[in-house]
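In what follows, chain A forms one complex with chain B and a second complex with chain C.
And now, the complex of A and B:
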């Protein structure tokens, strides 16, 4: 009995938390470099999900017709579309506004989210879509709960992204330059670092991470729909990023997992008839608790 | 000696406000040139234009005989023109070693030369070697200044421009930094050093004095140093090495934007100045 209500939500929590973590890392990258919270982050994921769905199943929209390309090609397309959307956002919205107050950029990212949602409604009406798992089947069963390959892939990808970014920031010149740009833009310019390129890199990377979440998560959690990323991922990812200290990549990673676990444990252990919205409340309680004890987040420093 | 940097009719301003209205000067290769002047004289604006932070409105800047005005910092640093900015501007949450590493960004593929440069920097500033894993933001002001100069040297410059290295440092520490500037110069790098501290004159081959966006005196460092009269005229006196030419009420905080750090009212110094002595720079038509 106890085993089931713990193991299932823990697995689901890890998987969902990994998805939140991917989006949260994207939020942190952008916050570190532009000091702006990116409201469009959720829609990077939704566009990724739509692109991956349509490219794998083939589509015929407006004048473009694409044959069925299969799940893997669809996944690549989803990530690419996420990255492309991040780059477009940087080039046509963030860069032109770079001398404006931060709040202007913040509102602009919200406008991008609504624009993306409109685009998604054009692409998919208001239907829900079920996307297929990249690898189907169960590799093994844990305490009576069978684990899906797709679930393992999501967790593995988050770990990979986290380790990859840690290496990028800690050990490469480009990663170092990215950190430098967020700390001292003028000095970075004087070193010969091209701020525009770093900004493109950051937004492209955040877009790709969002696209990745959009590709990987819906097969596990059920379905996606227009505005899916904003309604189902953004708040959780934001909480994860704040839990991690807003500027820490490993913090966002851990924050994502924590939010996923808390949500799912509350969901399966609290009677929703007596206490609807328990998962959201539980996440809020954890958020407040962590911030009271550690106001700078779990890790509490830039990394 | 050949001219490394040639400035003619340089005009620079902010928004619609002109600051430099056509200045001319030459910097000789292998020499140390000091740029003196009171607050708001236009020193930072001058080095900002040379290093590509500010776009010139008019006039020309030539380096090694080629026009460099209007180039962006990446191209300038690559050619060998590096500015150590006012207010240090180290990367606070990166280590000393990482700060130095980023100094060589445009030349990061030149392994062997960088190794030599790094050794030299640690030789000039042994404290940086000791602190190489420490976050730059936790260094003392003087150590941050050394790091800023060291980081500039890591770009393998032919011409290094140092904006107010002595600001906020004790006289003894300022002297140490100036002595190292001498060594940097002796090792083959041409130096432009912006200062308010007249103690720097001992370390300068040539001196320029700016006032209200113009060059009002040019001569040898020695001439300006030994001529009490001259010094009083242009710099308002002050004890050599010990005191800044003009007492600054508050040193600019390290993180304040360079553009924002120039007090606006500093021009109306009450000291009587015999302007008639000023050998004002000729102002040819600008191109």
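And now, the complex of A and C:
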């Protein structure tokens, strides 16, 4: 009997945690390069989910009508929309506020989330959408739990993104330049690093990662809706990033998995009728615990 | 009768010396114009409440409740330099507490209002204890997670809220109609504004502002950083509890879904920012404008012959626009609507009308260090 309440949440936790990790890596990327907490990150994912759904099913909004393009084209569109939204955010909100206190930028990103949520409600009302898995079917069964291809894809993509970014920051000149700008913007500029380019690069990349999470996760978790990213992903992703000390890509990666496990174990082992919202409480406890006991995160240094 | 809208200052140089301003006394006509503005506004309000259907009064009550909630956020973000992204917890706990006291403990609305305010203050102080350890941007995450806990756990507790599907909170006797209830809400807002004004003029208010600029410097000047941080949370939670109790009885049924991150926490934050941090007048003005906009936009869209889809979504478009407005405010005009309401307030007190001399508080909108 123990296997049922442990194996299912662990597998679900790994998969969901991979999704949180993807968004968390985007948060870490932005924090490392511009020291900004991006509260619009969840909506990067929601917009990606909406774009991929609408492009793959075809839509007719205002004066634009797009035919049915299929799931893969939809996925590309979702990532592209996420990236575009990230770039727009950088150009029109973050850059004009670059010399202001970071809390001001935080409030501005929260305002972006509001606008994005409102636009999503216009696009999709308050309905829930089910988007199709890129690859359907399940390859194998583990302890009575059947794994979906989509779930394996999510984990694989997270590993790929994590390793890719670790290499980017660790071994490329551009990655080094990105780290340098966050620590000493003026000196970096004098060394010939274009700050605006770096800022655009990281926000665009974070947007694309968010869009990717929005494309990959909803088929696994069930559905998406307006404000999906902010309600379902953002807090978990931030907690994951904090577990990584806000600056560590592998830390955010591990943090995401950990938060996914904690949420799902809390969900399946606590009676919802007597104690509703156990996953949210568990995340709050983890968040406060890390911030008070070990603010540098689990891995403890910038990497 | 000729109405003099401006005191005769046209032949004065634009950059009038402050000494000249100090000696300035409005003419009798000037005083008449100053008296005409509040009296005129009251007449317009009276006409608005009586001419249109009672539901308009109910919606206007909502505008004033948003104002109370935004003033609560203003204490944290504007005065103390703490950020809260979990205000749905503050407001919702107040609303459900009020409903509980009225329908489960069978007390009057006024008892419920006081209890809701005190419970609101208590939960805010508990959150404030975390803020003493976790500062700046990281604390914003804690408030965000606290908001989620309230939405998914506290509002759904059967013993407290009856499961979140609907707790009853009838309007108090004598204020059962929508128009009468508006008067009650207006009085409550007036009391909150009075408390806020007097608090900020006191030692506590100055201490909070010092904290916002720099906790270290404030501590060096003998400000008890921890005590005043907690006080700011208590005051904010108190206002939010009042807002929640007013919200509960306005709806008469309190539902958990109404206290969501997007509809309360983000909306109130945007009202606070666009209204202008530390600008009471601006915050109240924008809260009312926001509600009136949401209310009249569909009618306006209909009369302009815009597509039906636009009419149905007018309120949502308003939300999108106010988000953009908040960003523009942060970039270009950190004092928000206070840039306009500040000078009007000074003019009403018998000074000259100077745009851009909203006064006080520093130029930076949100100012706290991580």
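In the analysis below, the second predicted complex is superposed on the first by the 295 of 303 C-alpha atoms of A that agree within 3 Å, B and C clash if a C-alpha of one lies under 4 Å from a C-alpha of the other, contacts with A are read in each partner's own complex, and residues count from 1 in each chain.
In this section, a contact is a pair of C-beta atoms (placed from the backbone, for glycine too) under 8 Å apart; a residue touches a chain by one contact, two chains touch by 3 or more.
The model shown is predicted, which means the values in this text are computed figures rather than measured ones.
When both complexes are overlaid on chain A, chain B and chain C end up sitting side by side without clashing. In the superposition on chain A, contact of A:266 is made with neither chain B nor chain C. Once the two complexes are overlaid on the shared chain, A:187 sits against chain B while remaining clear of chain C. Touch criterion met: A:179 reaches chain B, while chain C stays clear of it. By the touch criterion stated above, A:288 is placed in contact with chain C alone, chain B being left untouched.
By the touch criterion stated above, A:112 is placed in contact with chain C alone, chain B being left untouched.
Which of chain B and chain C touches more residues of chain A is settled by the count: it is C. Of all Cα pairs linking chain B with chain C in the superposition, the shortest spans 17 Å. Applying the stated touch rule to the two superposed structures, the chain B and chain C interfaces on chain A have no residue in common.
Remark: chain C residues 77, 81, 83, 85, 130, 133-134, 136-138, 140-142, 144-146, 148-149, 151-154, 156-158, 260-262, 266-267, 269-270, 273, 313, 316-317, 319-320, 322-324, 326-327, 330-331, 364-370 touch chain A in the complex. On chain A, the positions that touch chain C within their shared complex are 35, 37, 39, 92-93, 96-97, 100-104, 106-108, 110-119, 121-122, 227, 230-231, 234-235, 238-239, 242, 273, 275-281, 283-284, 287-288, 291-292, 295. Chain contact summary for the complex, chain B toward chain A: residues 51, 53, 73-74, 76-78, 82-83, 85, 89-94, 98, 101-103, 105-106, 108, 151, 155, 257-258.
On chain A, the positions that touch chain B within their shared complex are 173, 176-177, 179-180, 183-184, 186-194, 301-302.
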